[in-house]
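Next come two complexes built around chain A: one with chain B, the other with chain C.
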Partner chain A sequence: MDGPLINEDRWLVPEAYSTVLMAPLAGLKVLLRFSLITPPVLQFSFIILDPLLLLSNDAFSLASGDTKVIAAVYGPKAGTRKNENPEKACIEVIWKPKTGQSGKSESEYEMVLKKTLQSICLLNVHPNTTTSIVIQVVNDDGALLPCAINAACAALVDAGTPLKHLAVAICCCMAENGQILLDPSKMEEQKVKAFVYLAFPNSMVSVLPEGGKSMEHGILTSVTHGVMAVDDYFSCLKLGRPAASELSDFIRNSLKSKAGNDPSKAA
Partner chain B sequence: METKPSSTFPSTFVDQLVVPGDVILDLSSMANQTLKLGGGLRQDGDSISVMKSGTLRFTKPNKYWVESSHKRYVPSVGDNVLGVVVDTKPDNFLVDIKGPALAFLPVLAFEGGTRRNIPKFEVGTLLYVRVVNANTGMNPELSCMDANGKAGEYGVLKEGYMFESSTGLSRTLLSSPPYPTLEALGKKLSFEIAVGINGRFWVNASQSSTVILVGNAILKSESLSVVQQKIYLEKLLKSIQ
Partner chain C sequence: MGGSTNGATDLSSEMEVDAFRRLFPLRFHERHLLESVRPDARSLGKARETSLALGAVASADGSALAKIGCTVNPTMLAAIKMEVMTPAKETPDEGCVAIDFHMPPICSPIVRPGRPAEAAPVVSKQLSDTIISSGMIDLKELSLVSGKAAWMVYLDIYCLDADGALFDAALLAAAAAFSHLQIPVVSLNDDGRIVVVSKENGGDKKEKNKPVNEEKRKLKLKNIPFALTCILHKKYILADPTAEEESIMETLITIVLDSSCQLVSLYKPGGPALAYESVVQDCIALSRQRVKELQKVLNESILDMEVD
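Then we have the complex of A and B:
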């Protein structure tokens, strides 16, 4: 974009934006149905927008996306909200649905997201501050909460909030015939008897010989809908973990390519 | 994804992208060494892990830090920043420096400052100040004097216009060898510039068109490589002749 970049103070410009698209590509849905033995394949598209690019309106260049969410981070700003511990940083999540007013389900999403993000943020670095995260749903085609968790986490990384590790979220559902599907669309979510959203810490590179492994066995958040057997839940967990580690490698490569394009970060 | 350590010191990840959660050093396997950790790193028991994503940097003998560019600034002692006065109190001015908390500028922190000649700053005054104190949990403290008590370049910046950018751009503007955009602009135009490490810079010139030109050129050049910057500036400077 040529021409002046206008920085008007009366527009509230957030510190970081991130848009995440989870795209269960229509033609490849058949491949996503694997039996419990072979690990399923997850296909998704991911875009991270950095705040400077966003001002120039040339960052949206994705061909097909289904579930789409924009996450914006504001802060840390001085002062915590009432009834929050002033010795720690406070995280505030605002969820804006695509249509209609915010209701009970939006409050539930806000609460789940807030708890997840609180567990990955280091709250002692900036005590007595509030970091606000606004999630705007642009399109909902299934697996909305994992999409929002991934977007919020990417936005926090971009904004420079101190984090313990990243949160990587996926959705698993149980179809009638006992198969486990990853990343369902909205129609599939309504048809299956149960689905679960899972958030894991990211897989990390480490100089510790064995210490890094223990982090990958952790789990941050699990939200289930519907009825499923306990064994099915554990199989979902088992299948979800390699998918999450693929997603976290993807995130790492996206951050690398974004840093590579930015000459101010070049060595 | 794990890598086996080939040598623990210096860390194998120097000059590479690191992501929050990565462990870069294992203290239990190192001899008695003191380390200096800069921004973006924290100690987690026996290991040093990453808090912010960015490039890991190392200088001998023992300094590690993570270099990244954000819109928000984390105050640290000794930085020269551009602040905007937000409020005045009897003892100090409240100044916004783009950090998590407002900073205090004591009313007497000026060269030759006494209770009798307290400067009067209106809300919105732009100041070039130095960070004196930046403890976590406390509001940072500023001063308009350098370490020897002289005013130096600190104080009010009159006229001109302030632009907001990222901390990474501020660092490259202040680096040596000088930033190519600044050099090229300086050869053709005459202007004054003050760069705050908190992601703000101020430009002043005799004509406002020069101010606009310089400000926009610097903001645009952040996303261009060195070669692209040269091309862009050649075109720009030709078009104003």
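Then we have the complex of A and C:
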């Protein structure tokens, strides 16, 4: 199993960048790296950096076996598009594939991501504005959509967009033998019987163990591929939830340490 | 009059119904939900009347019209055209299915001429994912000569009247078109090429070149997928929403089950309401019922077709 390859601290945004980038509501870039497999243990690393840094630095060669996505937030800009409610803020998602032009699957991702983000943003705060979220796929090695949801969320936090709560997304897949794997690689995704992308709301309560019908038990987004028994879906859900809360702790810690290092947000 | 101090709740008794519906659409629907009924007099868990007509397009190899709801117009038209192609090197004995979903401007006031509808590519992708992953069609059945020739199936679905639950209607139309599909008879000519045996001179050609696929004129469909879209709003679950309901209450969940009640897809793209496990169970129960209904509708339309 691959551990985190990169020391996180090395990849934090240098101060010069951060002051520019941390300006409220400016375009912020967040890169999320996943290296987690082997059920049911999750292992991940989360890096926040400027994509320019990524391109200029050879040390960050794109290790194969990882899904990487850059999420950038721009906005809120004045005005909404046609067919959108001007009394609310509009969220626009632009999905850039790794190569080639965007096609049907990209527009599906755009739609799912847009609706997911719409349900976590406070849309009444900036009526008649548009916030654009640009997702650039750097490397697709399975669980692309969950990775993009997590990255977009972190980018929204970084940009200071008002949110109700965070969302945390994971991927579960069902192997032929009934085993459930978390966060499959691209190869596994193609070989397994079925896989499920799940996004859960991630509010502060999620960190605390809570019984009953807490918010974290609700599904925000679910996208499945392949045929499975109904019970299998629920066992994926059961396994997915603790994994998501673990990931949520991780994202919160990363965001916290980032905010701590950032002079413009220290106050 | 004097008592109406707290807004729309009391206005409802003084205002005309249509005005109230326009001004306070959410209230209007919630008032109905309180009484466990919907504006079109359905109960919450009931889907609209559904009908199917096979063979609507004469020039296609297989076609179907699906109609969900009581509008005059049929809602979905699915048509299949088949072509012979050389199969891909990796899958020499498999055919191919290409699915496209079209939303012309006539289908809804939201779609404007000259600008493609945003929903069309999404539904199109969902359809091809569902149809291919459900295993309804065995791609091996589309093979003619291994490594040399196979069928390319073009399935086009046109939305003629968009009134909610687009995906459900489109999937039903697609499944019906596949069950109506008559594969054209082809034969190998002297140059080793595959040619379609036309009906008129089929007799003469048969003597010279034996048809390749005389027995395989129908596709065996197994595990046909059926979809049901539900709206989640507060504690209510509304099955098979209309376009108006979809625009007012935004949380949609689409469940696709196949004829053996396996889960083919559970699709919930965000939305303000969260789907708790019990709610998902309820939705699945509703879809199980709907699968039975739709299967009946499909079987009846196939029987009607055979009688004709």
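Just so it is clear, the second predicted complex is superposed on the first by the 196 of 267 C-alpha atoms of A that agree within 3 Å, B and C clash if a C-alpha of one lies under 4 Å from a C-alpha of the other, contacts with A are read in each partner's own complex, and residues count from 1 in each chain.
In this text, a residue touches a chain if its C-beta (ideal position, glycine included) is under 8 Å from a C-beta of that chain, and two chains touch if they have at least 3 such contacts.
Keep in mind it's a predicted model, so treat the numbers as computed, not measured.
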item	value
Touched partner set for A:K256, first chain B, second chain C, both or neither	first
Partner chain in contact with A:V230 - chain B first, chain C second, else both or neither	second
Contacts of A:P201 with chain B and chain C, given as first, second, both or neither	both
First, second, both or neither for A:H217, with chain B first and chain C second	second
Contacts of A:A78 with chain B and chain C, given as first, second, both or neither	first
First (chain B), second (chain C), both or neither touched by A:L122	first
Greater chain A contact set [chain C / chain B]	B
Partner chain(s) touched by A:G160 [first = chain B, second = chain C, both, neither]	first
First (chain B), second (chain C), both or neither touched by A:I133	neither
Residues of chain A that lie at the interface with chain B and also at the interface with chain C	201, 213, 215
Residues of chain A that touch chain C when the two form their complex	83, 103-105, 107-108, 111-112, 114-119, 194, 196, 199, 201, 213, 215, 217-230, 232-234, 237
Residue ranges of chain C touching chain A (in the complex, touch as defined)	110, 118-119, 121-122, 124-126, 129, 133-135, 223, 253, 257-258, 261-272, 274-277, 280, 284
Complex contacts: residues of chain B adjacent to chain A	1-5, 8, 11-13, 15, 17-26, 40, 42, 47, 49, 51-55, 67-72, 74, 100-102, 136-137, 163-164, 166, 168-169, 171-172, 212, 216, 219-220, 222-226
Of all residues in chain A, those that touch chain B in their complex	4-5, 7, 15-16, 51-53, 75-78, 87, 120, 122, 124-129, 157-166, 201-209, 211-213, 215, 245, 249, 251-252, 255-256, 259, 262-265, 267
